[in-house]
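Same chain, two partners: subunit A is paired with subunit B first, then with subunit C.
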Partner chain A sequence: MLKATILRILVIIPSIFVASIMIFALVYLIPGDAASSIAGPEATLDQIDALRAKLGLDQPPVEQYFTWLGHIFQGDLGTSFVNNANVADQIALRLPITFELALWAFGLALVIGTITGVVAAIYRGGLLDKIILRLTGLGLAVPEFWVAMIAIAVLAVQLGIFPAVGIVPWSAGWAEHLRSIFLPSLMLSIGGSAIIARITRNSMIEVLSSSYIRTEWALGLGRGKIYSAFALKNVSIPVITATGLVLSQLLGGTVLIETVFNIPGMGSFIVSSALVKDIPAIQASLLIVVLLVMLLNLVIDLSYRVLDPRTIGARR
Partner chain B sequence: MTYVSTPVLPAIEGGTSRRRLSTVGLWVAVGWLALMVLCAAVPFWIAPYDPLEQHLDQLLELPSAAHWLGTDEVGRDVLSRLIWGARPALIGVTISLGTALVVGVLWGLIAGYVRGIVETLLMRFADIVLSFPAIILCIALATTLGGSLAVTMFAVGFSLSPSVARLMLSGVVVVRQREFVEASRMYGFGIWHRMFRHVAPNAILPVLVQLTIFAGVSLLAQTGLAFLGVGIQPPEASWGSSLGESFAYINYDPWLTVFPGVIVVLTVLSFYELGDRLRDRVAVTSR
Partner chain C sequence: MRDPSNLMSSANIVEVDGLRIVASSDGTPLVDGLSFSLPRGGSVGLVGESGSGKSLTALAIIGLLPAGLAASGRVNVVGKNVVGMTKAELRTMRGSEVGMVFQDPFTALNPVFTIQAQMFAVLRGHAKSSLSRTELRRRATDALLDVGLRDPKAILEKYSFQLSGGQAQRVAIAMALIPEPLLLIADEPTTALDVTVQDRILQLLEGLRAKRDFSLLFISHDLAVVARMCEQLCIVKDGQVVESGETTRIIADPKAAYTRLLLESVVDFSALREE
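Up next, the complex of A and B:
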């Protein structure tokens, strides 16, 4: 078991390496001459040359890559083309906001998804089940940012229940902070809730029809005990396997939700940097996000092994 | 990562008496998609107004007899813009599906048929690509590559292709052990002939069943990207950029935001419905 676990942890190193090469190579995808394309049509030749030197494009690619990687290991994520801001400082300010947003959204998705999934499975085939299934279908088909726009118009602007834009910092009081982060988190959790609800329903139905649950019924155990103690425990495993997918989607979703709610997080940073081709900022944020997803996947994989010891020997 | 197929969306399993539920949903979905195809093919016959024509005396009008869905902030007819928007939407879906199919099917086919270290490396690479959140990968690729609709949809297709590769692999793993593949090897056919003529056609079913689901996912991605200003550029009509433009006026005219969203949701739901029915059909026939 120890060997398999260590191997799983080590595998992440070449993955990060390959991902970093892909991210670095992004600058070579710019059509034509990257430096003049970024500098724009009005730049002088001197400005273009300066930019080229700054990008390191006057050196051979392999050398550039290792210089870039070396800087990153020293915590230097480069400086923005647009305002010469330190990218690492920017990300340090923005990452906690996005991380918190994604965490709340994940918590909401877990609660909403599991409860509706279990209810649907218990009332399988009934009206409630049909309604929940329709809703999950809808949840997977709506653009979350569109629902968010309407929610802002109705709940924030018309009714004034939530602040319309931005997030109130913790320092201004926890109640205000939670009130401002609730609506964006809820909107971000729509797709994840639907996925978790479907998976919970499917595996709950499977577990409920298994012979050992039938034995519990025959033994005369109460409904509550069977549903909570036996069935839910087994349902948790497929839900955990879906967690990686859901978390990656949530992090992607922040791009749109942060733009709609005007939240200064990683998502809106990526959009604003990409639209002005701020290459150092895009590369650094991509690297951080991918690193985050890979580490989360690692944690999920390891916890999966603890919960379901059958998978330890299996080739993964 | 496990090598089992990873569908983009979890299917509804465990019998919901869907089969008795007649085929109304399916026909509604087919009907809606047919309407969208018609809008995309001949918008100039269907749309009551020119989608770019500005009526500066009729700004942000509510739905009326003259403008069924009202007018936008520069007095353009909303209905006409939505009808014209079907064109980039469907072209975009076609480009991204085509890219995802070509790249993903080759990817899974080579991995599954060559096996060994090639399979491990290719599928490991799929895992790596999948650890980029799809929309962020699309934004980065599309903006650096230049950001037209076609380029953006290539990027969406590429981000879908590892999922297609996994599905393809799940089919190849089953087919590669069958006798007819062995037989064709003994007849002396080359590896490419075997891969494309014998393995691929028999292994592609899991991919085809998910194709409409990919179409829905792709349309959602396109809408989100256009909303952010990546892909199709204004003043050209598209559902996503209509949503983006409407946001500033949501307190004056909420309908401007509601209608494009409804169209997107109905189209995505139709794609999914088609996919669900296809999956049911395949599940029945392969039993």
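Up next, the complex of A and C:
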């Protein structure tokens, strides 16, 4: 168990390396030259060359990669090409917002997904099950940003229940803060809720028709006890395995949701940096997001090992 | 429900009369007019090949037919018809009136809970008042000792997949007997086990019956095993009873051609026949 756990943690190191290479290389696939776009249309070729040398873009790519990596190990995420701001400072400002948004969305997806999934499984084939299946189908198919735009138009602009854009900081009062972050979190959770609902439903159906649940019925245990005390833990194992997928999807979803709600988080930062080819900013923020996804997946993997005793593997 | 004929049959713990089990989708009959009765304190063996409907009959008695199957007819357990029972009535009947042991002990036990958690749930579910943890542990330990498990403390901490087949089946038997059922249904309880273990489980069931005095409905495809365990036999084929009666009589003088076929298929039967 301990050995497997340590191995699982160590495996993350080569993964980070591969990811860092891909992130670094990805930026060079973007068409156009960073130096010439930063210098502007008026610049002369000499000015562009000078800028390129200054930014280190004239070095061979491999050398550039190791310079970049070396700086990152020293905690230096680089300086923005566009406004000379420290990228690490900017990320430190934006990461907590995205992290909180994703966390709320994840919580909502877990609650909405498991409850609807369990209900659908219990009333399998009934009206409630059919409604839930249709809704999850919609949730998987409809783009979140589109629903978000409709929700803003109706719930925020027309009815005024929620603020239309932006996040009220904690310092302005927790109630106002939660009211402002609720709608974007809910919109961000749509896809995840649908995925978790589907997996919970299927897993619950499988568990409820299993031999061990039949034994529990045969022993005269009550419905509430069988569902809540026993079946839920059996069901939670495949659901937890799937939450890794949901988390990655959530963090990807922040890019659009933050743009729609005009939230100054990592998602909107990546978009604005990409628009102006601010290479250090793109690279650093992508790396941070990828690291976050890897770490969260690691946590999920380890908690799954605790939940499912079969992964301990020790027979007798 | 309150059929007056029930009063006359109080000597029988189970009375199955004209049981029909059909697939709801297309109406295919899986059990077709099956009838038999099990005297209180007695033992009956249902024998037949797989697909004959003997296991479905057992599940109908405990009210646990899989979804998509519909039962009709009369399945009286302690005078009450299980067909048409409410959920609450079924729950009262299960465990305390009828207990069941299944074929594969590994799939019959929940893989993500320790044996202790599963036994405690049964103890709590059938206790009249709340039990302390020490009391729960004491009762679970006793229940495991009763089924011949010598190290109950170690067993309680384990998961089903950490046990041997024989140990797991003993745990399943111990759990089924916690509510002290009047009737124990054993559905092929030794089929999934090694031959050497099979015999010890059968010995255990014989010993427990002598001590606890429960009625036994034993289901198997293996005529030799059933003949050893049961005073009466019901030979089942295609969802119907083709022959029933005292075990000694059926072995000595089988009436139905199918029974003779089953008898001939038992390899070493001469010894039993001479007894």
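As a convention for this text, the second predicted complex is superposed on the first by the 296 of 316 C-alpha atoms of A that agree within 3 Å, B and C clash if a C-alpha of one lies under 4 Å from a C-alpha of the other, contacts with A are read in each partner's own complex, and residues count from 1 in each chain.
Assume contacts are C-beta pairs under 8 Å (C-beta built on N, C-alpha and C of every residue); 3 or more make two chains touch, one makes a residue touch a chain.
The shown structure was predicted, so the numbers you read here are calculated from the model rather than taken from an experiment.
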item: Fit or clash - subunit C, subunit B, common subunit A; value: fit
item: Touching partner for A:A53 - first (subunit B), second (subunit C), both, neither; value: neither
item: Which superposed partner A:L178 touches (first subunit B, second subunit C, both, neither); value: neither
item: First (subunit B), second (subunit C), both or neither touched by A:A19; value: first
item: Partner chain(s) touched by A:R223 [first = subunit B, second = subunit C, both, neither]; value: second
item: Touched partner set for A:I6, first subunit B, second subunit C, both or neither; value: neither
item: Partner chain in contact with A:K233 - subunit B first, subunit C second, else both or neither; value: second
item: Contact breadth on subunit A, by residue count: subunit C or subunit B; value: B
item: Subunit B versus subunit C as contact partner of A:N297, first or second or both or neither; value: first
item: Closest approach of subunit C to subunit B (Cα atoms, Å); value: 10
item: Those residues of subunit A which subunit B touches in one complex and subunit C touches in the other; value: 316
item: Complex contacts: residues of subunit A adjacent to subunit B; value: 14-15, 18-19, 22, 26-27, 29-31, 121, 124-125, 129-130, 133, 137-138, 140-143, 145-146, 149-150, 152-153, 157, 195, 198-199, 201-202, 205-206, 242, 245, 248-249, 251-253, 255-256, 259-260, 270-271, 274-275, 277, 279, 282, 286, 289-290, 293-294, 297, 316
item: Subunit A-facing residues of subunit C, complex; value: 62, 64, 66-67, 87, 91-96, 99-100, 102, 104, 107-113, 121-122, 125-126, 159, 161-164, 172, 175-176, 178-179
item: Residues of subunit B touching subunit A in the complex; value: 1-2, 6, 9-17, 124-125, 127-136, 139-141, 143-146, 216, 220, 223-224, 227-230, 243, 247, 250-251, 254, 257-258, 261, 264-265, 268-269, 272
item: Complex contacts: residues of subunit A adjacent to subunit C; value: 209-223, 225, 229-230, 233-234, 237, 307-310, 314-316
